[in-house]
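Shared between the two complexes below is chain A, which has chain B as its partner in the first and chain C in the second.
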Partner chain A sequence: MSQVDIKDRLTLPDQVNPTRGLIATGVVGLIASAIGYFLNHDQFFFSYLTSWVFYMSIALAALFFVMLQHVTRSSWSVVVRRIPETLSYNILPWAIFLIPVLFGMHTLYHWTHHSAVAHDPVLQGKTPWLNSTFFVVRQFIYFGIWGFLSYRLHKNSVKMDETGDWGLQTLLRRTSGPGIFIYAITVGFASIDWLMTLDPHWYSTIFAVYFFSMSIQAFFAVMILMVFYLQSKGVLQQTINRSHIYDLGILLFGFSIFYAYIAFCQYLLIYYANLPEETVWFHHRLEHGYQGIALALLIGRFLIPFLVLLPKKMKSIKNVVIPISILILAVHFFELSWLVMPLLKEHGYSINWMDVTTFLGLGGIFFGLFFNKFRKHKIIPENDPLLEQSVNKHL
Partner chain B sequence: MESQQSTHSDSLHGILAEFRNPKELVDAARKVEQSGYKKYDAYTPFPIHGLEKAMNLKDSPLGWIVFLHGLIGAGGALLLMIWTMGYDYPMNISGKPYIDIPSFIPVTFELTILLSAFGATFGMLYLNGLPKFHNPLFNSDRFDKVTDDGFFIGIESDDALFEREKVKDLLEEAGASHIEEIHD
Partner chain C sequence: MSTTYEYVPKPALVKGDHDFGDITDMICETPLQKTPPLWYVAFGAANILLLVMLALIGYLFWEGTGVWGLNVPAGWGWAIVNFVWWVGIGHAGTLISAILFLFRQDWRTAINRFAEAMTIFAVMCAGVFPAIHVGRIWFIYWVFPIPNQMAMWPNFTSPLLWDVFAVSTYFTVSVLFWYVGLIPDFATLRDKATSKLQKITYGIFSLGWTGSFRDWWNYEKAYMILAGLATPLVLSVHTVVSFDFSVSLIPGWHSTIFPPYFVAGAIYSGFAMVLSLMIIARKIYGLEDIMNVDIMEKMNIVMMATGLLVAFAYLMEGWTAWYSGYIYEQAIFKLYVVGPYDWGFWILMFCNVVTPNFLWSKTVRRNVTLTFIISILVNIGMWFERFMIAVASLSTDFLPSSWDYYSPTWVDIWTYIGTFGLFFTFFLLFLRFFPMIAIAEVKAVMPQADPHYYEENGSNDHGKSGDNELKSNND
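On to the complex of A and B.
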C-alpha cells in the first residue's frame, strides 16, 4: 500500500451530485428530439448523428489517453486519470444510443439505397464494404473491442484502489499496449463508417487521423473544464495543482497544432491535386454559407488557441484556459455539423432546434452517466504506485 | 573599469563557496539573494528544483526571441513568395491563382520552424554569454567537482555590495564547507 499523504477527500461529497439534474436534462432533450422525429425525421437523424459523434469522440479520445498513460508509465497524470477512465467507461452505454442511427441509416447513408447502387458503378464496387449488414456487424465489433478495453482498464484501476495490488499496473500496461494498436485501426474504420461514407463517392486517406485529431483536442478541453468544475465544488483542490493544469494546457495547445496540421494536410492535397471526385467534397463545404464555418474552424480551433496559449504562463491561468476550452468544444460541434449537414442542407447552413435538443439531450445523458459512475469510486487512483510522484509534481 | 577594479582588489574575480548538498545550496542561495547581491551564480552538476525560486530568477526572455524569429520566418516566407510568384515572375501553375496562399503554407511553415530554431539556439547561446573560452572559476581545482558532486555559489567582485570579508562571513554563515578566493 502506498503511503501518500493526500489532504483532499477521495470521494465526491454528497452535495456535489449533478447526476439527477443531468439525466433529467437528457431525458427532456431526448423527448423533445423524439417529437422532432415525427415533425421532420430527416433533420432528426442528421442532428442526432452529429451530437452522438460529438460525445462518442470525447469518450474514444479518453480511452486513448488512458492507454497512453499506462503504456508510457506516466506519473504526472495519475491524479487526473480517474476522469478519462470514467469518460471512456461511457463507450459501452453509448452503443445503445447508436440504435437510432442504425434505424436512420436509410436516411443518412445514400449507399443503403439499392436503387441508387444499381445505377452507380462506383458504389457497386464498394458494396463488399458498404452494405447494411456488414455496417451493423462492424458496429458490434467496434463496440465489443472498445467496450472490453474501457471496462478492463476502469475495473482493474478501481480494483487497485481496494486491494493495493501493484501487480495490476502490469496488467493495465499489457492491456494498453496492444489496445492502442487495435484502437487506432478500429477508430479509423469507425470514423470512416460514421462520417466519411455520408459521401459514399468521396474518400480521403487521412480522414481517420483527422477525426482522431479533432477528438483528442476536444477531449483535453473537456478535461480542463472537468478539473475546474470539480475544483469549483471544493474537490481535489490541493491534489490537482497548477502543474497538472499546466500539463493539460500544454496538451491542449499541442493538439491544436496537431489538428491544424492534419486538417490542412487533407485540404492541401485535395486542393493541389484538383481531382474532381475529391474536390467535390470541399466544394459542398466551402460555399452556401459553409465557408463561414470552415473559416471559424481555422480561427477557433487553431489560430486563437495557438496564439493565446503560446506564452508559458497562459497555459495554467484559469480565466484563459476555460474560455479557450469552451471555444474549442463549440467549434468541435460546428466542425461535426460541417461534416454532416451539407448532406441534408446543400443550399445553406442553418442551425435547427433539433441540433440543440439532441446536443443537450445526449450531453445530459453522457455526463449523467459519467457522474453516476464517477461518484461510486475513489476520484483518484489512491493506490497507484506512481501517485506519489504525481501529487508531488510542481512547476 | 576592469583595470580599476583589479587594482582595488588585486585581480580578485570573486569568492567561491562550496556546499555539501543541494538543500544547503538552495538555502544559501536564498540568503545571498536576500542580502542584495546581484552578480552571483550557483553552480551544480544537475538541475535543482526550487533553486530558481531561491535565486529569484526571472523568466527567460528566450520565448519572445523565438516568437519574433518565427514571425520573421512566416512573414518573410509569405512576402517572398507573394512578390516572386505574384509580381516579379508570375507563373501559371496548373491553373491556380498567382498568389495562391494554400500552396504557400508548407514553405511558410518550414521557414517559421527554421527561423524559430535559429532563434532558440543562438538566442540561448547569447543569453548564456556563450561561446566563452575561459572563466576565472576554472582556476580553482576544487571547482572541477561541479560536473560531478560539487555544489557552489560564486559571488563576483564586480558586485556593487562586494566587500571581501563581508562576503566571506555571509557564505560562512550560510553553511559553506569550503571558501576560496578566485583570481583572474
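On to the complex of A and C.
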C-alpha cells in the first residue's frame, strides 16, 4: 500500500532472523558473567557497567537522531529511520538491565559508603545529590522520560505505515521539539550519574556534552554497520543507495571531529588551569597502562576517521566505512573502560574475561531485542510524506 | 489522537508568483537606482556615531585607559564585554553561509548574503576593542611574530594571542567566502547597469564572469571548499574567545563547558541580530516574498534551539558549582544571584532563558513584531551575559578586601555606542551598493530550477506557477 514505488520488499525475509542466535549468545554471555560474579564480584560490576553503558549510549543517541530528523524534517534519512527508531525502542528494556548496576552500587560508587562520607566534608556537601535513594529515583525519572519518548516516536511512526495518515508527521515533530530539550537535560545528568560520580570528587561541566559526543559518534558507526549487514542479506539493496551511505559517512566524519573538539576542550582546560582536584582525574588515566588507551582514543576516534574519511569519495565506500565503524566502536568500548576501570584497577589496566562476557552477553540481548522488534514491522516508514524524496535521492 | 493533527506540507521558499526575471529585478533594483534621500539621513547618522567612536579612541590614546571604568580587581571591563558581544554576533553569518550550506538547508539562500555582510562588519567592530585595550597602543604590533632585534616573541601559550590569529583568520575567510558568492551577482549587476561608472565598477569586481559552464564549475568548487574551511572557524573563533576566560583560575571563568557554550551563545546572539536587521530591511526594500515569514520562523527555531543550549549550559554550570564543593565557585554563583551585580544576572536570566521560550509558540515565531522584540531582548541578554562573566567574576575575586564595584565611564558607554556607527556605516553601504540577497542561489532553490519544470508545467508561462508545493517535493 505504499504510495512510493519501492523495488525492495518492505519486511525482513524469514531467512534473515538472527534474533535467536543473538539472544542465545546473550544468555550464554550473561550466564558466564554471572559465574564471574561469584569469582570476583568487583570485577563483574565494573565490567557490567561498562558494557551496559556502551549499549545504552547507542540507544540514547538513536533516540536523539530520530528526534532531530523529525524536528528538521529531514528527507534523506527516511529510508534508514526505522533502524534508530527500533534501536531507541530498546531503552525501556534496558532499564531492567540496570538492576545489577543498582545492586552493585556499593561496589561501584564510593559515595555510597557512609563511613567514607562521614570523614569527607566535600562528599558530605554532595549528599543531597549523591545518595542511593535519590540516585534510584533519578533512574526512574530518566527511563520514564526516555521510555515515553522512544515508545511514542516508534508507535506513531509504525502507525503511519498502517494508516497512511500524514498528520502523524506533525505529531512526531511536535513530540520531538520539546523532546530534544528534555533529552538534553536528562541524558546530561544521567551520564553524570553513571560515569562522573564514579569519581565523586571530580567534576567537569562539559562531561554531559562529552558523553553525548562519544555516543553519537558510536551510533553512526552502528548505523553504517547495520545498513551494510542488512544489505549483505539482500535487504533494501536498492532503496538505500550510495547517497544515503554517503550521508551516514559524512555524519560519522563530522561527529568524529565534534568528539575530538569536545574531548580536547575538556583536556586542554583542565591541563592548562592545573588545579590538583581536576587534574587528578586525568592523572589516573594517563599512567599505569591507561595512557595507551588515551593514545588509542586520539588515533582511533579522531585521527584515523578524520584522515581517511576526509576525501569526499571515501565516505560512501563500503570497504572504507565498515572498518572505520568497527574501529570507532572498539575504541568507544575502550573509552568507557578508560572512564570506569581506573576506579577498580588503579595500578594497571588489563582486559578481563568478564569485560568480554558482559560485552557479548548484553550485546546479544540488545541486538536480539532489536531484531525481534525490527522484523515485526515494515523496515522503512512506507507511508512517510518524505519517503519519495528520500528514495529518489542520488549522489 | 491522530485526528487532532494535520499534515503541514513544507512551504515554498519564495512566496508569490515570481519567475527568475522578477527575482533579478527585485534584487538589482536597489543597487542600480538613484540613492534615496532617506538613505543619506541614515548614513549621516551612522557617520556621526562613527566619528564619536574615533574621537573617543583618540581621547583614549591620548589619556590612557584611565578614562575607562577599569579598576584593580576588574581589569577587564566594557571593552572586553563589547569585543565578545560583537564577535559573537558575527557567528551567525558564517553558520548560515557555511554550516547550513553543508547541511543542505535551502532556506539559507534568502538570508546568507545579508548575514555574511553582518558578520564581516560585526567582526570589524569586535576587532577594535582588544586592539585599543592593550594600553600601549604603539606596541600593538607585538602581537605579530615579527623577528626583532630584542629576540622577543609573542607569548604563544596565551589564548589572548590565539585570539589574534583566530579572529584574523576568521575575518579573512569570511571576506573571501562572501566575495566568492558575490561574483556571479556582481556580473548580473554589471549586465543590468545603465551608467558607465556602474558598468565599470561592477565589471571589475565580477572578475570577467561570463556565466559559462566552466565559470560555474569553478565557482561551485571554490564555494564548497570555502564552506568547508569556514565551518571549523565558526567553532574555533568563539572557542578561543572562551579560552580567554576558561583557562584561568578565576571562579566563574574556569569551566570546561565554556567552549561549546560560548559557541552556542554566539550563534544565539548572531541570529537575533540577523533577525533584527532583516525585519527592518525586508520592509524597506520590499523583499518580503524572499525574506518571508517561513524563513523568519526557521531562524526563530534556530535561535530558540541555541538559546536553550545556553540555558542548558547555565544549568550545568550552576549545578556543578554547587556539586563541586569548591567554596570559591559556590561563592561566585551566590554573588551572581544575590550580589553587587544581581540586577545584571536577572536581566540576563529574563532575556536569555525566559525569552526564547516564547518561541515554542508557532504564533509568536510567525509574528514579525514579537520576533523583533524578542531578537532585541536576546541581544541585550547576551551583552549582559558577557558583562556578568567578565566584570562580576573579576570584581568579587578571592580576597573580599580587594573587591571593588565596577561602573563604566561616559567614554566606555559612548565608545560602545560609537561602534554601532562603524557597523551601520558599512552596513548601509552594503545595502546601497550590493545585491543584498544571493540572486543566483535563490533561483537555484526555486521550483523553476528543476530541469523538468517547463516540460511539466508548459513552456509558455515562463515558470509562472503557484504549484510550488508539488515541485518542492520532487528534487
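Just so it is clear, the second predicted complex is superposed on the first by the 393 of 395 C-alpha atoms of A that agree within 3 Å, B and C clash if a C-alpha of one lies under 4 Å from a C-alpha of the other, contacts with A are read in each partner's own complex, and residues count from 1 in each chain.
By our rule, contacts are C-beta pairs under 8 Å (C-beta built on N, C-alpha and C of every residue); 3 or more make two chains touch, one makes a residue touch a chain.
Just so we're clear, the structure is a prediction, and the values are computed from it rather than from any experiment.
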_Quick one: is A:148 in contact with chain B, with chain C, with both, or with neither? Answer first, second, both or neither._
neither
*Name the contact category of A:229: first (chain B only), second (chain C only), both, or neither.*
neither
*Regarding the shared-chain residue A:167, is it in contact with chain B (first), chain C (second), both, or neither?*
second
*Check whether chain B or chain C contacts more residues of chain A in the superposed model.*
C
*asked:* Per the contact definition in the header, classify A:272: touching chain B only (first), chain C only (second), both, or neither.
replied: both
_With both complexes superposed on chain A, which partner does A:333 reach: first (chain B), second (chain C), both or neither?_
neither
*asked:* Looking at A:125, would you say it contacts chain B, chain C, both, or neither? Reply first, second, both or neither.
replied: second
*Please indicate which partner A:311 is in contact with in the superposed arrangement: first for chain B, second for chain C, both, or neither.*
first
*Once the structures are superposed on A, label A:103 by its partner contacts, choosing first (chain B), second (chain C), both or neither.*
neither
_On chain A, positions contacted by chain B and by chain C_ = 268, 272
_If we count contacts the way the header does, which residues on chain A are in touch with chain B in the complex?_
264, 267-268, 271-272, 274, 310-313, 394
*How about chain B: which of its residues touch chain A in the complex?*
49, 59, 63, 67, 94-95, 102-103, 105-106
*Show which residues of chain C lie in contact with chain A when the two form their complex.*
1-3, 5-10, 232, 235, 239, 243, 246-249, 254-260, 301, 305, 308-309, 312-313, 315-317, 320, 323-326, 360, 473-475
*Residues of chain A touching chain C in their complex?*
71, 73, 121-123, 125-126, 129, 156, 159, 163, 165-171, 174, 177-178, 180-181, 184-185, 188, 201, 203-209, 257, 261-262, 265-266, 268-270, 272-273, 275, 277, 385-386, 388-389, 392
